[in-house]
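Below, chain A partners chain B and then partners chain C, in two separate complexes.
Take a look at the complex of A and B:
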């Protein structure tokens, strides 16, 4: 009890310094947590992927389409339950900065994505309207789209201005689903192309293939690719997760940079914290000598220094971790446009705690050792 | 009269450990800040040097990139016969009709494929880009399945080394040369014969065209004519503008992310500087009293402590910048969001970046040292002298 009291009193001796150090820790641990969550957000698409969906695309690269007649051939493969079409549209809404995903899809697309919840009435309204489109909740919130709105898009891949009518707004089944996207009828796209660009008719960007079981998925993927081997458009079929991770991998040096930088902030705060502890220990050389003269062992002195460091880090780190969900919510409000899914994971909280502990220990090592080694006579001679 | 600088410097030197730790924190922030600016400078330089000023890119109206664009053969003929297009020694227009698509290749040491730009071009297309020089091997021969690769592709993709074979579009393609495009975006591309590639990819039209202007000042007329011609649905941009426009999204992203981080991190470092400066004031109350008693004004004490804080910032800034300058040996590659293709670029330390980083460091020192310096200047002479 006495020890704890002494540690607490020591920590509070320079209230301003302790307060500033705690504030610095708070900022650093929060920044670290946010960066970890940003990296998680990058993987949100892959996390949300279903293991019973496969993606079939042209093996050369995504910019090459597949013929429409592959649909029937894929459906006839053993283990396939459903096949849906999807084309990347790449239109611009008002300004190139307003980026969001738009897909031209077949009517059965939503059956393969049970995580997108759409009221039956809206679904029927969409199916009946050739120019109708569906909007995800996150996207609707960003631009304030409502059912019945007309949504004009300027095509980059498909020239011209395209107009769509919002017929439904779908919700994600939970917070981790990205609903920042728009879907419209593949048939609308195809029939418009039939009038304007005949050579681009009946082409499909990717096929989404539903399979019966997760275990059967790899063999189905192999069977699909074998069917189209040596054809004009060879396919590459992979799980939805692998497909999504492919996108993440293309910017993996950015992710690596963010990861490195998230440790730089810990290094910065370590320097600040080590400085605080070094200053405190230096000021108290005479006191440590007195304690030693009274018979306290070096171990005790070292413990005092470690204890003080631990108290400061526990407060700073604790407050940061406790406030994390609120900070993340605020960040999402501010930058939700870029990170539709921004959830703080338990792992992130644990890593934050680990970092605070690491800083507490590392900052106290040098001052603790030198304090423990203080020679009584020299220490007593030292002034303040 | 001011307090001598040597007094200030010695104060920092006396408390070496504290000075080093505080400057270390500041240095790390400056390192992050400078690296971000260097990355952005590198990205901009890469994409700006990709273009020649007198070259003009023609794409389909509304498409943002060459990949999205398409130009029919008859349209291409209309464009290349325009009077503003320069004529070569052999009487042919200096125009290259190209097809640009993406292929996925495996990066060295990576199991996931990256998208790489493959450009179908012609000997004319190579001639139109004087910065492109064959480094090893030779140029592709028109009419064959030969390809040449940019230097950063050759380095990062195993299959794309000299003599390597790539399989796509039902054909084997042999790498017969590696070209150096002096750090421009072409270094991240694969080039081959346009007719062969179009045939293999079963394309009937080109993606884009590059033409050399007869003289610099005819651009506006050329642009207006292409825009107005009812046979065409194309638009034209100077090659330099075209490529630097493609850096915008990635550049904004790098800047927003990097600068937000730098600002948050700087809070931590400024708190460090503040702690150090407060301690520096507290340890020297007696000294400050003496200085005041000797006749130094409050303003002199204030500026002495501010200069001390800024020196601390400068030391940190210089260290951070030195650390960041090592990054010039590294290169960075990522997907350009706009073109969807892999692009590799360098960290470039420009004088502007160095100045910005040092100013940032000085400001951090100044902000951190401001409150402690005020406290020092407000000390009462008698009480301060008693503290001795």
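Take a look at the complex of A and C:
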């Protein structure tokens, strides 16, 4: 108790200096947490992937489609429960800046995605309307889409102006689900192409394959790819998570840069903290010498220095961690367009705590050892 | 008074390294201090009096010679043993008080007791008693910055005696005080010596302060001067 009192009072002795150091720590630990959460947000799609869904695409590249007739052959493979079609549409809503994902999908698509919750009445309305589309809640909130709205898109991959009618707005089953996309009928796309670009009809971007069990997924994937080996369009079937991670991998350099910046931020605050502790220890040489003269062992002196560092880091880091959910909510408010899922994970909070602890220990090592080793006679000379 | 010396020094030497050169500070010192003596150590600056005090207090180590305090050759102790020995046997009084500025007078006096096995209640009792001995019972909750120089030195004296050490070493205890405060502090030291029988070794270059002691030792250029006298006897 006495030691804690001494440590706490020493830590708050130079209020301005300690206050600024705590502020620096708070900013650094918060920035670290935000950057980690940004990286997590990048992986959000992959993390939300189901282990009972496989994605089958052209083995050469995602750019190349697969024939429509593959669907029936995939469905006949043992272990497959359902097969849905999906084509990336790539349309522009009013302005190229208004980017969101649009997929032309088969009617059974939502059967494979139970995490997208759609009222039955809206589902039926969508199924009845060939030009109908479904909008995710997050997307609807961004642009203010409502059921019944007409949504015009300018095609880039599929030229022309396309009009859709919003027939339903689906919700995510929980907050981690990304609902920032739009879906419409694959048949509408295909029939329109039949009139304007016959060479592109009956082509599917990817097949989403439902499997009975997670354990059986790899063998189903192998069976699908084996079925189409040596055909004109060989397939590559992988888990949905691996498929999503393939997209994330395209941004590896950006993610690496973000990670590096987050570590640089911690390194900078470590230098600031080490400087603070060095100054404190230097100022207290005579006090440490006095304590040693009274009989306190060197480890007690080292403990005072470490303790002071720990108090400062505990306050700065603690406030940063406590404020993290609010900071993340604020960040999402301004950048939610780019990060539809921006949740601070427990791991991020733990990493923040670990960073604050690491800074506390690393910043105090040299001053603590130096203070503990100071000769009493030399230390006492530093007074007066 | 016992016939065995409390402090027994034989052929004690100490030198410092400065700029690559060896500067002798103490040369072949031989000295006995009896239990319960109040001894003043005088000499000009650089004569080695503070060094001798530091060696006797166990915060520095001699290069050669024998240094026995309370029958124990402390020159043979390692750092850890010396720390324990100081905590149990030595009370320090410094020129600039050396109080912890973030601790109250009470907490400063309590510091040496943190190294004992006393309970919190026992510590409190001891500290209150000691503060009352130095006349500062009403200043227990004050921080050093809220006390005068004389009061701070009395807190330092309370800290020096609270653990009931066998030897009190005082390095220029009145050096930073006005005459009135210095008189109070010296009176207090005399009381500790006469009423409690504490052995006190005081470094000073103030003859008035030295007169409070019962014995005066002169040091000059690292060597003991004229035979001991008894200025305050």
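Simple rule for what comes next: the second predicted complex is superposed on the first by the 382 of 384 C-alpha atoms of A that agree within 3 Å, B and C clash if a C-alpha of one lies under 4 Å from a C-alpha of the other, contacts with A are read in each partner's own complex, and residues count from 1 in each chain.
As a working rule, a contact is a pair of C-beta atoms (placed from the backbone, for glycine too) under 8 Å apart; a residue touches a chain by one contact, two chains touch by 3 or more.
On a predicted model such as this, the values are computed, not experimentally measured, just so you know.
Asker: Please indicate which partner A:182 is in contact with in the superposed arrangement: first for chain B, second for chain C, both, or neither.
Answerer: The answer is neither, since A:182 touches no partner chain.
Asker: Using the superposition on chain A described above, determine whether A:232 touches chain B (first), chain C (second), both, or neither.
Answerer: In the superposed model, A:232 contacts chain B only, not chain C.
Asker: Once the two complexes are aligned on chain A, which partner has more residues of chain A within touching range, chain B or chain C?
Answerer: B
Asker: Is A:199 touching the first partner chain B, the second partner chain C, both, or neither of them?
Answerer: After superposition on chain A, A:199 lies in contact with chain B alone.
Asker: Pick one for A:217: touches chain B only (first), chain C only (second), both, or neither.
Answerer: Neither partner.
Asker: For A:275, is the partner it touches chain B (first), chain C (second), both, or none of the two (neither)?
Answerer: A:275 sits against chain B, while chain C stays out of touch.
Asker: After lining up the shared chain so the two structures overlap, which partner does A:380 touch, if you call chain B first and chain C second: first, second, both or neither?
Answerer: second
Asker: Touch test for A:303: chain B only (first), chain C only (second), both, or neither?
Answerer: neither
Asker: After lining up the shared chain so the two structures overlap, which partner does A:293 touch, if you call chain B first and chain C second: first, second, both or neither?
Answerer: Only chain C is touched by A:293; chain B is not.
Asker: Contact residues on chain C for chain A in the complex?
Answerer: 54, 57, 59-60, 79-80, 83-84, 86-88, 92, 94-96, 98, 100-103, 107, 110-112, 114-115, 159, 176
Asker: In the complex, go through chain A and note every residue touching chain C.
Answerer: Per the stated touch rule, the residues are 2, 5-6, 9-10, 13, 286-287, 290-298, 375-377, 380, 383-384.
Asker: Taking the complex as given, what residues does chain B use to touch chain A?
Answerer: Chain B residues touching chain A: 17-18, 21-22, 24-25, 28-29, 31-32, 60-65, 67-68, 101-104, 110, 112-115, 168-170, 201-202, 204, 233, 249, 257, 261, 264-265, 267-269, 271-272, 274-276, 278-279, 332-335, 340, 342.
Asker: Within their complex, state which residues of chain A touch chain B.
Answerer: The touching residues are 16-17, 20-21, 23-24, 27-28, 31, 35, 59-64, 90, 92, 96, 99, 154-157, 159-160, 199, 230, 232, 234, 245-246, 249-254, 257-258, 261, 264-265, 267-269, 271-272, 274-276, 278-279.
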